[in-house]
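Input: structures, listed below.
Paired with subunit B in one complex and with subunit C in the other, subunit A is shared by the two complexes that follow.
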Partner chain A sequence: MNRGNRIALACVYWAFVLYVFVPLILMILMGFKDSKFIGFPIRSWTLDWYTGVFSDAEVLYTFGYSVVIAVLSTLISVIVGTWIAVLLEGRRFWGRAVTFGLMVLPALVPGIISAIAFRIYARWLGIEPGMGAIVWAHAVHNVPFVSLVVMARLSTLPKSQIEAARDLGADPLIAFLRITLPYLVPAILGASVFCLLLSFDDFVRSFFLGGYEPTLPVLIFAMLRSGMSPEINAIATVALVLTAAIGIWAERFTRRTNKESQI
Partner chain B sequence: MTYDASVRKDSDGLSRATGDRPFWGRLAGWGPYRAFAALVTASPRRQFVILATFPILWLLTQHLGPMLQMLRVSLVDAYPVAQDAPQAFTFDNYLRFFGDRIFWMPFFRTLTFAAVFTFCTLIITYPVAYFLARHVSRRNQMLMLLLLLIPFWVGEIVRTYAIMILLGNTGAVNLVLKWFGFIDRPIPFMYTSFSMGIGIVYLTALYMLLPLYSALEKLPKSYNEAAADLGAGAWTRFRRVTLPLTLEGISSGCTLVFLISTGFYATPVLLGGPSTTVFAETIAGFFHVAGDEWPTGAAFAVIMFVAALLITGVFQRLMKALRKGDTA
Partner chain C sequence: MSASPLVHIDGISKRFGDAVALEHLSLDIAQGEFVTFLGPSGCGKSTTLRILGGFERPDTGRVILDGEDVTMQPPEKRHVNMVFQDYALFPHMTVRQNISFALELKGMDKTGIARRLDEIMSFLELDAYGDRYPGQLSGGQRQRVALARALAPDPALLLLDEPLGALDAKLRGQVQRELKSIQRQTHKTFFFVTHDQEEALTMSDRIVVMNHGRVEQDGTPEELYFHPASRFVAEFIGETNLLSGKMRGVEGEAVVMEWFGQTLRGHAPSGVPAEGAPITASVRLEKLGFHSSRPDLPNAVQGRVINRTFLGSRMAVDLLVEQTDGAKLRAFVDAETGQAIGDDLVWAAWDSDSMAVLRD
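Right after this comes the complex of A and B.
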């Protein structure tokens, strides 16, 4: 009975693996198809779509534009998110629960509502649609993810280390910079990668706050609306390989550093 | 300076070990820094105020601000307005929603779809999470979980496109069905609620899987063994032990997936058709057209958000009552 259960569950797991991988694998294969027509079967293969993408100035520019937005918004999110985490994990204060609720708010607001709320607010602040507005919206949206990760790490910091530093004459600022901050580095790096990917992959905020220059997801969306072409597959595959590789690297990195600091 | 030079002459390891000391030592002794530190850390109270001011301001202006501004815009008759044009308070934007079937059809469709897709995600991911937490060794658990994480690093648009290729008329599923001779003509999967469901479940599965996995993983195996010793069969053990003790994970996973599902815009546009227009598309429509439709769009967004929060709130209450009922 138990054995049967186990085999059935294993089948469900592998079926699920197929479900999440097969669409992506098919999409990657389609990018090598030697025909303008999207669809199966694939009879002959080509690399033309890739050479086309890498020599397309607009695509390359959009790619760089998305990366710059991701990096800038991540820098803001990481600083603000860490600061909020340090406040929330510090001594208890009146209104802490409300502060925590406010902190997670942007992560819980459904995508479309968050996008138009940012759009309206940007208008009110006088921020024109474009790069600044996207960076700002991504930064605000990603703060909760940084705060939550850093808070989790901070809660495991041995308080005795801070006390020892203070006993040895460090003021609170230096104790923070030399004990707390280095301890938080793995969490901050992990959160940064997560923010980079969230920003790079984000569609709805970039779409509503963007000016005339599209980010990569917005460009793919626009191309899809005007019809499917293997060129989209090539662009999407490059984006896919990049994001997945960064994701896997970050996962391994945080796991390794977590293990090291446990010893 | 002389101290620095002597450190550099040392062997590499030693200079690395002591290399940062001069900096911190000099910083702590540097006049302006000492004045700054004394000012900042004069009393625990002042220290706290300085630590708290920026985050509180950020949370109020950046996290709460956009929502409040959206609420304000939803209650005026025109926005954006010219510099000195008058702006009047009104409820018309909300009343407009109830006046027209064309608005509340997509609204109820969105909530129904979100509920159904959330339930499907739960049914699909629970056995997967159960298998990982219960039947796999610790070491493999991490690897097998990581395997599932990979596709979820990929963006929303790319994954939606992948589903289009899978389900299209010349897509892989139709091709396979034709090969086996099940069908002569391709089945039109695309632009239906089915294709939309496949896409949305694909996008949200991870947000369900992780809470379920962590709830199942925390559950001690001994509980199940005890139940088995008392004569409970596999189904009874699951229904009376495992399920009640993972209700919290189910509750948080469902809440998360429901909220995310209601907010999708690109996926319904790309995978859905005219018969599956969701409320996100209705809301977005007010922001595409030039004109003073923003207040209506804002009001509709507020309606949507409040409805989603109410539903998840009631749902969480129900789950809590269920949890209490089971332990009593």
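Right after this comes the complex of A and C.
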């Protein structure tokens, strides 16, 4: 590749980075502005919005509520998703293609449609809107992501690993627990982080299936209706920093364990 | 138990879909033997190994191990361990954890495990690597860990699935000698599978040559090399001259054949063919001798050396045989002899014991 091309590609890349990050930077900046009105110029800076957020019981409670939902739905997704992955990967049986398609479907259904469907289904089953319903909807939506990631990892596990374990005296269950599962850890962790973030970030399902307590995105939406406030910027910034930190940590961890487990 | 074999394979067959992997294989393996199953890929050698290990079940037949029918036993119940082709070391466990895996599952106590670990690790010179992960070891070290892990539970039979394939040529020779000496010291029965004839010749007490799911020949390395029973064995093991002629009859011990009007005498390890039948005989390259005048040997042909290939420790010479339709014989000689032969007509001769009449 010649020099001109490289420079052109670099310019496009940095233009893209600007395009993505400028809105985020604006949002972060406004959270430090000592004025109720969002926009330039910023004449003085303050941390009041942050102290306000951290002393706002409702915001803190909602944050915790969202985290609990994320953790619970992730646990369910990971167990069910891994289960399906182990069932499907490397096996041929009648109807495998259909089974696989059904497994992926929840991830493909448009959010609003699946949210309405869940709402109707929940009422029909007699499930009250609230935490249980949200956890359930998030878990179902996230299962395909876990299954796909775990299946990809599982497909790289040499068959001889399990055979070696069996050869050395492990029954199928022990072989799964001591060989397969440790091998899947990086994939499961990566998928878990992804599920946590998906759940934490979800608005549509949480909105339709929520009871009286809102999740964080629903709360922000409610706050927006009474007007844009730098407090929202502060909440959003905190959420952004946390999710970015978790994402980066997970990425590095996954890469490291992948490297270690290479044979 | 000394009279009965350690392993008794009784008429096992196995098909995968339409492909026949094994056809009615019966075989006994004695305690302490180093048996090699040799053959091209798809000959059934690996299937046999996997049936012995418990990873496949034969469609018919039985496997008796130490007097017990293990045909339907899963791998974890068998007193058999395996060294895998890719070693299959557990990447998330240290060398020590890999080797003690089977001991733990056996329910051995901590001191027992520690004692056995020390014993096997010092025997295979792995003491320094106990806390390393497989990813931190060289190919040769991994191979030894795989061997240590398979030997640790003291199996009655050790299966080795082409375990040297991944090593480079130089290391392979060294490991071959090591393996053989480990087998001698432990008095274990080794069941070795390979497609490398040289490997088979160097290590084995006994070689079973397989082809298309059947045994082609079963014997010591020397028997197979010098007295091959079939054309397949003669061609698969080492390099050989194949002479196609006609069966003429039997004279005492010798089988007489006609080759381009000349009478040659050989022996028939796999039975005497019918008179007049077209036959093929094999003469090993190193069994040909060169003479300036007709020597007093049962087989002598005249020809001219048309090609010399220097191979370091020896020389290969190609002889164009007179009074044939351009038949060539190849021979190994030392380099001085090769040069001394010159380009004039010479006699190439061999003994009847050096020429095996083959089964097609």
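Convention: the second predicted complex is superposed on the first by the 259 of 263 C-alpha atoms of A that agree within 3 Å, B and C clash if a C-alpha of one lies under 4 Å from a C-alpha of the other, contacts with A are read in each partner's own complex, and residues count from 1 in each chain.
As a working rule, contacts are C-beta pairs under 8 Å (C-beta built on N, C-alpha and C of every residue); 3 or more make two chains touch, one makes a residue touch a chain.
Worth saying up front: this structure is predicted, and the values here are computed from it rather than measured.
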item: Touching partner for A:W83 - first (subunit B), second (subunit C), both, neither; value: first
item: Partner chain(s) touched by A:Y183 [first = subunit B, second = subunit C, both, neither]; value: second
item: Partner chain in contact with A:G227 - subunit B first, subunit C second, else both or neither; value: neither
item: First, second, both or neither for A:S114, with subunit B first and subunit C second; value: first
item: First, second, both or neither for A:V17, with subunit B first and subunit C second; value: first
item: More subunit A residues in contact - subunit B or subunit C; value: B
item: Which superposed partner A:D171 touches (first subunit B, second subunit C, both, neither); value: both
item: Which of subunit B and subunit C A:E163 touches, first, second, both or neither; value: second
item: Footprint overlap on subunit A, comparing subunit B with subunit C; value: 169-171, 174, 178
item: Residues of subunit C defined as touching subunit A within the complex; value: 53-55, 74-76, 80-82, 84-92, 101-102, 105-106, 133-135, 149-150, 153
item: Sites on subunit A touched by subunit B in the complex; value: 1-2, 5-6, 9-10, 12-13, 16-17, 19-24, 26-27, 30, 37-41, 80, 83-84, 86-87, 90-91, 93, 99, 102-103, 105-106, 108-121, 123-124, 140, 143, 169-174, 178, 197, 200-204, 207-208, 217, 220-221, 224-225, 228, 232-233, 236, 239-240, 243-244, 246-248, 251, 255
item: Residues of subunit A defined as touching subunit C within the complex; value: 158, 160-161, 163-171, 174, 178-179, 182-183, 260-263
item: In the complex, subunit B residues that touch subunit A; value: 24, 27-28, 37, 40-41, 47-48, 51-52, 54-56, 58-60, 62-67, 69-70, 73, 79-80, 124-125, 127-128, 130-132, 134-135, 142, 144, 146-159, 161-166, 168-172, 175, 202, 205, 234, 259-260, 262-266, 269-270, 280, 283-284, 287, 294, 297-298, 301, 304-305, 308
